[in-house]
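Each of the next two complexes has chain A plus one other chain: chain B in the first, chain C in the second.
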Partner chain A sequence: MMLLLNATEQAQIIKASLETLNLLLVSALVSLPIGTIIGMLLALYEKRIFNKHRWLIQILSVIVSIVRSIPFVLLMVIIIPFSFNTFGTSIGYMPSILSLSLIGIATVSRLVEQSVIDMNPTIYDLAYSMGASKYQLFKEFIFIEVRSSLILAYTSSLVSLLAYSSVVYIIGGGGLGYTAIQIGYYSPVGKTLMWVSTILMIIIVQIVQLLGNILANYLNKKKRGH
Partner chain B sequence: MRNIVYIIDKMRKEGDQSMIELKGVRKSFTAKGNIVHALNDISLKINQGEVFGIIGKSGVGKSTLLKILSLAMRPDQGHYFLLGKDVTEITHKEKKQLLLETSFIYQGFSLLYNLNVLDNVSLPLKLRGVSKEERYKKAKEMLEFVGLSAKIDDYPITLSGGEAQRIAIARALITNPKLLFLDEPTSALDEQTAYDILKLIKKTHEAFKPTIVLVSHQMQTIQYLCDKVMVLKDNKIDRIGPIKKLDKLSTGYDALWGDNL
Partner chain C sequence: MKKILLTITACSLLLLAACGMTNQNEDTLKIGVNFYPMPEIVTLITDDLKEAGIKVEQVQMDYNILNTPLANKEIDGNMIQHQYFMEFFNTANNAQLVIAQPIYHSKFALYSGIYDSIDDIPNGTTIYVPEDVVNLPRALILLDALGLITLKEGITVTATLDDIASNPKNLVFEPKSLGTTSQAYHSDGSKLAVMYPTYARDTNNELMDASQVLAYEELNDLTKTYAISFVTRKDNLNDPKIQTFIEYLTSNKVRNWLVKNYGWAAEPAF
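Up next is the complex of A and B:
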C-alpha cells in the first residue's frame, strides 16, 4: 500500500498515523478509567446500592447526557474558551485531547452503566449476604461478572474515539483525518493519500475490534464450550 | 421468691438457646400511593439447631420476612433479636459481624458465572481474607461433601440445576455458618433432583448442625426438613408450631396442605 505513495506522502502518512495513535491512546487513557468510575457510580445509584448525595449523581448523569448529545464538531468549538484559558491555546494537541477525552468519558460512562445495570440483580443480594464491603462488591462480584461486557464497551468506545479523532484536525489536532481530507481530498493529486488514510483507519478499527472480541470472549465464561 | 429465681433462670436458659426472636415485627411498603402491609405483628422464636419452615401463598410476606431475618431489610416496628443482639439497634459494623455468621442459599443458585466451581465455593473465605491455599483446601472438602469433587474446574454454565444448587450449598457451608437461610431451594428443580437436594440439606443439618430457616411454597419440602413451621396468611401468622403437631391439625386445611401452595 505504501508503495503507491511517494517518499513525501509516505512520511506524511507515517506522521499522521502516529498522531492518530497518540490522540487515540492518550484520550483513551483519560476516558476509560474516568468513564468507568462514572458509569459504575451511575449504575450503582440506579440500583440503589449507593444512596448518599443522590443529587450530585443526577447532575453528573445530566452532564453525561448533554456531552453525548452535542455533535462532536460543535463540542470542539464550544470548549475553545475553556481550552484557551487552561492551555493558553485554542488549537492543537491539548485542546484536541480535551475534546476527545470529554466525549470519550461520556461514551464510556453510558456503556459501562448499561453493562452493570444488565447484570444479574441477585449478585447484589449475594454480595450483601456474604458481608462484602462496597469495594469487595465491586472487585469480587461486579467486575468479575461484567468484565467481558466492559471489554466490549471499551472496544466500542475506542472505535468511536478513532472516528472522532478524524475531525480534530479542525482545531489543529492533525492525524489521519487531516491527511485524508486536507492534504488528500482537497489536493488535485492527493486522492491516493486519502484512500491510504482511509484504509489505515479501517485497519486500525479492525485490529481494535478483533483484539477486543478475542479478550472479551476469553473472559466470558457464560458461554458453553469454556 | 424461689419460683421467680427459677423462672428467670429458665428464661435465661431458653434465651441462651434462642437463635432468632421476633417481637411484634411489622413492615409496610408504599406501592402506587397505597400502603401495603407486608407483615403484621410477627412474633416468633427459633432455637439453635432448629429447622424452621415458613410457608404461605404468594404475596403473604414470606420473602419480606426472610429479608428481615437475613438482615437485608429493617422492620418498621418491633424488635428482631439475632444471636441475642437487637438488630434494629445495632451499628453497621455489628451487622457485618452478624452477617459473617450466616449464609444464604437462593432459589436461582446465584453462582458467579465467570468463576469456576472452586472459586465460587471459596469466595466467602476470600472475602474474609483467608489465604488461597487454605480456602481452596476447605472448598475441596465442601465439594467432596456435596459430591461434586469432579466438577472443581468447571464453570457454572456447564452445570445442571441440581449441580448448581449443590455448589451453592457447598459455598454456603464453607464458612461453617451458625444460621442458614434457604429461599425456595428446590423450586427451580425437577422432582427427583429436588428430592436429592432435600436429602443433601438434611445431611448438611446432621453434619454441621446449623439453624436453618427455610422459605418454601412446597409442603413436601417443609414436611421433609422442618422441626417447626409457620404458616403465613394475609400477611400475618396463621399458625405456628412443631411440624408434627400441625400435621395432625391438617384436617380442614386442605388448601394449605395440598401439594403446592
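Up next is the complex of A and C:
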C-alpha cells in the first residue's frame, strides 16, 4: 500500500497515523476510567442499590446527555476559548484531546450504564440470598457478571473515538482525518492519500474490534467457569 | 495502588500541560494553512527560508477558525482568506488583522453545458449561484459585468438578490452552498451556474475541465479585492521575518509553480 505513495505522502501518512494513535490512546486513557465510574454510578442508582443524593446523579445524567447531543464539530469549537484560557493554546493537540476526552467520557458512561442495567437481574437476588454486602455485591457479582460486556462497551467507545478523532483536523489536531479529507478529498492531487488513510482507519477499527471480541469471549467463558 | 494511580494521573496531566505550552522560538514563523495549494506553497519555500535563517512551521486547521489563533498571537500569519472574510472577522472579534500580501486571484466563472454563448440563454433559465454573503455578491457582479443582469447603482460587494435592478432574461436564481452547486447544476441538466473551478465537479465527482466555461470573471480593481492573501496582525506586519517570508512568497519560484500546478483555478497576484 505504501508503494502507491511518493516520499512526501509517505511521511505525511506516517505522521498522521501516529497522531491518530496518540489522540486515540490519550483520550481513551482519560475517558475509559472516568466514564466507567460515571456509568457505574448511573446504573447503580438506576437499580436502586445506592439511594443517597439521587438528584446529583440525575444532574450528572443530564450533563452526559447534553455532551452527547452537542454536534461534535461544534463541541470542538466551543472548547477553543476554554482551552486558550486554561492551557494557553487554542489550536492543535490540547483542544483536540479535551474535546475527544469529553465526548469519550459521555459515550463510555452511557455504554457502561447500559451494560450494567442489562445484566441478568437474578444476580441481585442471588447476592442478597447469600447475604452479600453492597461492596461484595459489586465486587463479586456485578463486576464479574458485567466485565465481558464492559469490554465490548469499551471497544465500541474506542471505535467512536476513532471516528470523532477523524474530524479534529478542523482545530489543528491532524491525524488520518486530515490526510483523508483535507489533503485527500479536497485537494486535486490527493486521491491515493484519501484511500490509503481510509484503509488505515479500517485496519485500526478491525484490530480494536478483534482484540475486544477475543478478550470479551475469554472473560465470558471464565465467568461461566468453563 | 492508589498512590501509583495518583502519581500516574498527575504525571500525565503535567505532560499534557507541557505539550500545550509550545515554546515560542525566536526565529520560527508559524503560518496557518488549510486548503490546496497553500501547504504546498509553504513547503516549496521552507528550505529557502531555512537558509535565510527562518524556520517555518505549518499550522494546519480549518480555515473558518484559523483567524482566532492569529489574533491570539499563537501563530504569525495565515494564508486562507480574502479581504472580506478578514474584515468580517475583524468586525466580529474586534481584531486587527491586515492583508500583508495577495497571493492569487481565484478564477470565477459562469458555466453552461448547453449554451454556447450568453445570447443563447433563453428566458427564465434557472441559474445556480453561491449562497454565502461573500460569494453571492461576487457572482452577481460577474453576471452584471456579462450584461445578464444589472445591479442597483453603487452596490457591489454587498449585493443580495434584492439588489438586482433589472433581469432582462428573467433568470431564476437558486442559491446553493459552494460544495453543492455543481451537483445541483448537473441535476438540472447542466444549464447555468456560477462556480469556482475548484468546486466544479462532474457527475462522477471528479473536477471538471474548462470546456463548460461560458465566461470567466474579468480581473479589475473590484474583482482583485477578492485575492486570497497572506494575512498578519497589524503589530507584526513590519516584522523583518514576515517581510522576508513575503519576499520568498512572491518569488518567481512560487509564481511558476502556481502557474504550472494551479493555473486552471487561479492566477498569481504578484
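We take it that the second predicted complex is superposed on the first by the 211 of 226 C-alpha atoms of A that agree within 3 Å, B and C clash if a C-alpha of one lies under 4 Å from a C-alpha of the other, contacts with A are read in each partner's own complex, and residues count from 1 in each chain.
Note that a residue touches a chain if its C-beta (ideal position, glycine included) is under 8 Å from a C-beta of that chain, and two chains touch if they have at least 3 such contacts.
What you see is a predicted model; the values in this text were computed from it and never measured.
**Q** Once the two complexes are aligned on chain A, which partner has more residues of chain A within touching range, chain B or chain C?
**A** Counted on chain A, the partner with more touching residues turns out to be C.
**Q** Applying the document's definition of touch, where does A:Arg147 land relative to chain B and chain C: first, second, both, or neither?
**A** Touch partner of A:Arg147: chain B, not chain C.
**Q** So, does A:Leu126 touch the first partner chain B, the second partner chain C, both, or neither?
**A** first
**Q** Touch check for A:Arg48: first (chain B), second (chain C), both, or neither?
**A** neither
**Q** Return first, second, both or neither, reflecting whether A:Gly88 touches chain B, chain C, both chains, or no partner chain.
**A** second
**Q** A:Leu219 in the overlay: touching chain B, chain C, both, or neither? Say first, second, both or neither.
**A** Once the two structures are laid over each other on A, A:Leu219 reaches chain B alone.
**Q** Counting only touches as set out at the top, which of chain B and chain C does A:Gln136 meet: first, second, both, neither?
**A** first
**Q** Enumerate the contact residues on chain C facing chain A in the complex.
**A** Going through chain C, the ones touching chain A are 12, 16-17, 19-22, 34-37, 39, 43, 59-62, 64-65, 68-69, 72, 74-75, 198, 207.
**Q** Residues of chain B touching chain A in their complex?
**A** 70, 72, 96, 99-100, 102-104, 106, 108, 110, 112-116, 123-124, 126-127, 155-158, 181
**Q** Can you list the residues on chain A that touch chain C in the complex?
**A** 8, 26, 29, 77, 80, 83-84, 87-94, 97, 169-174, 178, 182-183, 186-190
**Q** Under the touch definition given earlier, write down the residues of chain A that touch chain B in their complex.
**A** Going by the criterion above, the answer is residues 120, 122-123, 125-126, 128-132, 136, 140-141, 144-145, 147-148, 219-224, 226.
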